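Everything on this sheet refers to the single structure shown next.
Think of it as A, B and C in the order they're written, each chain with its own count starting at 1.
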Amino acid sequence: MNSEMFIESDLNRTNKRTQALYRTLFIIMTLLLILPVVIILGTLVYKGGGIISIDFLFTDPINGMTEGGIFPALVGTLWLVSVALLISVPLGVAAAIYLSEYAADNWFTRIINLAIINLAGVPSIVHALFGVGAFVIFFGFGTSILAASLTLAIMTLPVVIVSTRESLQSVPYAFREACWNMGATRWQTIRRVVLPNAVSGILTGIILEVSRTAGETAPIMFTGAAFFLPYLPQGVFDQTMALSLHLFVVATQVPNVPDALPYGVALVLIGLVLLMNSISIAFRMHLRGKKKW
Amino acid sequence: MTTQSNQLASFDQRDKEWYIDKAIQIIVFMSGISAILFVVGIFAFVTMEGFGFLLKDFSISEFLLSPWWEPTDEDEPTYGILALVAGTASVTGLAMLVAVPFSLGAAIYIGEFASGKKREYLKILIELLAAIPSVVWGFIGLTIMNPLIIAVFDVPVGLNVLNAGIILGLMAAPIMTSIAEDALKAVPDRYREAAEALGATRWQVIYKTVLPAAKNGLLGAVLLGVGRGFGETMAVLMATGHAINIPGSVFDPVRALTATIAAELGETAVGSTHYEALFTIGIFLFLITFIINLTADLIVRGIRKQ
Amino acid sequence: MVTTTEITPKLQVKDLTIRYGSHTALSGVSLEVMPNEIFSIIGPANAGKTSFLKVLNRMDTFNSEMKYDGKIFFNGLDTRHLRNHYALRRRIGVVFPLPVGLPMTVYENVALSPRLRGINNKAELDVIVERCLQRAALWDEVKDRLDSLGSLLSGGQQQRLTIARALSQEPELLVLDEFSIAVDPVTTMRIEEVLKELKEEMTIILVTNLVQQARRLADRTAFFLNGECVEMGITEALFSGEAKDQRTIDYIEGRFG
């Protein structure tokens, strides 16, 4: 009896040791995934941090983009993102309302869901080809903010649809039933009860989309973004510079660029993107703390 | 009495709210089907622009099997994508070698070992990593990985399969981690409890119960990573070295399908054979990623049905 | 020539069968509910009571699994092919056993239905909200915090809020499904008193698992069991030994259910 217990505890100890071993292994793997990125970000800050200043953000590039700031690229990204959002947010929110509130669970809805998954999976350069074929050439918008933003909007549409649908679905079904029982139409129910309780979640998704849209390069290369423009865009039919493309250009296309310049551009771009993501995450955490039911 | 009942029954009229509801229903329905419209539209427009090539010069065997992509050759331009496919495949393959074990490991740690705040923070970190734009990754390959590879492996150029593979692996890993973690989370807790009741350790539970149960979801995560690797453009454009080449080792520079379009589309005349050939590559990419995504979706849906 | 047959029943159900897919929840029920009566339905769980209520206001249109055969007339109008289901539901107030306070203020919970009808005048809404909360025996408890969230009230309060909301529809037919589950006995008695008053203005269908509640309130009572209507009659008659079916007698006397 005694020896049996001893054997069992010995076995337990071996088990515990293997478990600790695996646990450590997985921690190391997780860290190996994260650490390189932290080092990379550190390098970006180290090499590009010095160049960033108010002047850098708010002056034009000069001397063949080897000196000066990034103001037109910043403004251009703002244009591209705003116009893309104006298109994708209403469309995406409406599509999500359809899928969450109206669509029956049938083959047709499954096809729509499949289309959304595929839209998200199509390579960004194929979106660019579509933008060229459809908006630049077929609809005759030329290479313009409109064509580029339309391309971006369609590319990021799945982000809006999926996050909005999730927010709508998080509103309990019982609230809808209570409203329907009172004679509210589906739309009255959505407007009075579902949307007001999903709107913060939808906003979180939209901020995430801003970040996605601002970082994209391939879809705008041939549809509306230019390497260098000495003026700011005046409307949606103008071309524009963009931060993401500007990084590509100063990193690969322009000779004699001082080292710090592309690092600075990369830092601004990544800072913008991570800021948007952090806002979105903070917003989400804040919401989770505020229960309404 | 009949008049009274008629009057009582008269509520059955369509009012303003009824018509508003109908109108909204039509609007949101149209928005819903727009997703289908866009996917079909992408295929249609890319095919339309590439159609000329398919008609006049297209030889499927030459296009797919010739390693010579020489669209600007003055005497005899050739349009073979084999070397480009090899470039994309080698980079994606290496990326998966990097990303699959690490993202699986990270998913297991986050999903099964870590708890509470630690888990929360790790998930946020992974989410932030996934947000880094691909052009920034390309820039990192160009400026940080390039000299690092030259120094470590003593090779003349550091822009090659290895560089792009690692970059793409780091890029794809966060997304694969979060999808894999979702797949682990989808395994009901009663599986774990049942195994634990039999005296299994946490690792035995994971290895013998959770991983087999989450198999399909994990496979879906890998497939989505492959799809992402195939479609990635800016990072591979900047980090591969951009030389048309069937690689013999990881230190060879290559060129990817996507990068070829990105690099050459700006220099071609609309409607030229070269331009049409680039769109034909687009059709090829569209079809490949379509099949990958479809398969991944079917596999993932498979687990949900169980 | 004034005979009772000439009064249009508020509700007329003919040979009603309800199915969810292949499962039959209710079969072959026929009954009539007259204006300004309290009609109660008693019976154990799974008797088909709740399914019955769901087709009364055509909530089956939101559930593709749910199908019904037979005919339902509301105010003499066949509700099978309505042009506007919403208008029918506006005339039927429903209170379900699990209370649902909507995630808006107490005030807005009660003002919602009037707003849906297009009433937006603040003074008018104030009157409606107070009256409905009074009737639902909730006013005294919430009058000082009308702007707190309805979904965060206690279960019993939410149930009374749900009743107030149903009353705010100014319904012709009020349907209550085991309303007293989430409410304490004292409040239950208060609401029962209110129901007796409301009878003057509307027709009431009361589904209850409390046999004595049916006896206290209902003019007529139907006994549902396993998807069938076993027996129906004047409440007092059923309870004073005139029930014909042995199962009814057993249920009333508490031998099962």
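Observations on the model:
The working rule: a residue touches a chain if its C-beta (ideal position, glycine included) is under 8 Å from a C-beta of that chain, and two chains touch if they have at least 3 such contacts.
Computed from a predicted model, the values in this text were never measured in an experiment.
Across the two candidate interfaces, B-C and A-B, the one carrying more C-beta contacts is A-B.
The chain with its Cα centroid farthest from the Cα centroid of subunit C is B. Chain A has its Cα centroid nearest to the centroid of all protein Cα atoms in the structure. Look at where the CA atoms of subunit A average out and do the same for subunit C: the two points lie 49 Å apart.
Subunit B and subunit C, compared by their mean Cα positions, are separated by 53 Å.
In terms of their C-alpha centroids, the spacing between subunit A and subunit B amounts to 15 Å.
For subunit A, the set of residues that touch two or more other chains comprises 185, 188. Looking at subunit C, one finds that residues 86-88, 90-91, 116 touch two or more other chains. In subunit B, 17-18, 21 are the positions where the chain touches two or more neighbouring chains simultaneously. The residues of subunit B lying in touch with subunit C in their complex are 1, 4-5, 8-9, 11-15, 17-18, 21. Per the touch definition, subunit A reaches subunit C in the complex via residues 104-105, 174-175, 177-185, 188, 192-193, 196-197, 292-293.
Those residues of subunit A that touch subunit B in the complex are listed here as 15-16, 18-19, 22-23, 25-30, 32-34, 36-37, 40, 43-44, 91-92, 94-95, 97-99, 101-103, 111-112, 114-119, 121-130, 132-134, 137-138, 154, 157-158, 161, 185-188, 190, 211-212, 214-218, 221-222, 244-245, 247-248, 251-252, 262-263, 266, 269-270, 273-274, 277-278, 281. Subunit C makes touch with subunit A in their complex at residues 57, 59, 62, 64, 86-91, 93-94, 96, 98, 100-104, 112-113, 115-116, 149, 151-152, 162, 165-166, 169. On subunit B, the positions that touch subunit A within their shared complex are 17-18, 20-21, 24-25, 27-36, 38-39, 41-42, 45-46, 48-49, 101-103, 105-106, 108-110, 113, 122, 124-129, 131-136, 138-140, 142-144, 170, 173-174, 177, 201-204, 224, 227-228, 230-234, 238, 258, 261-262, 265-266, 270, 278-279, 282, 285-286, 289-290, 292-294, 297.
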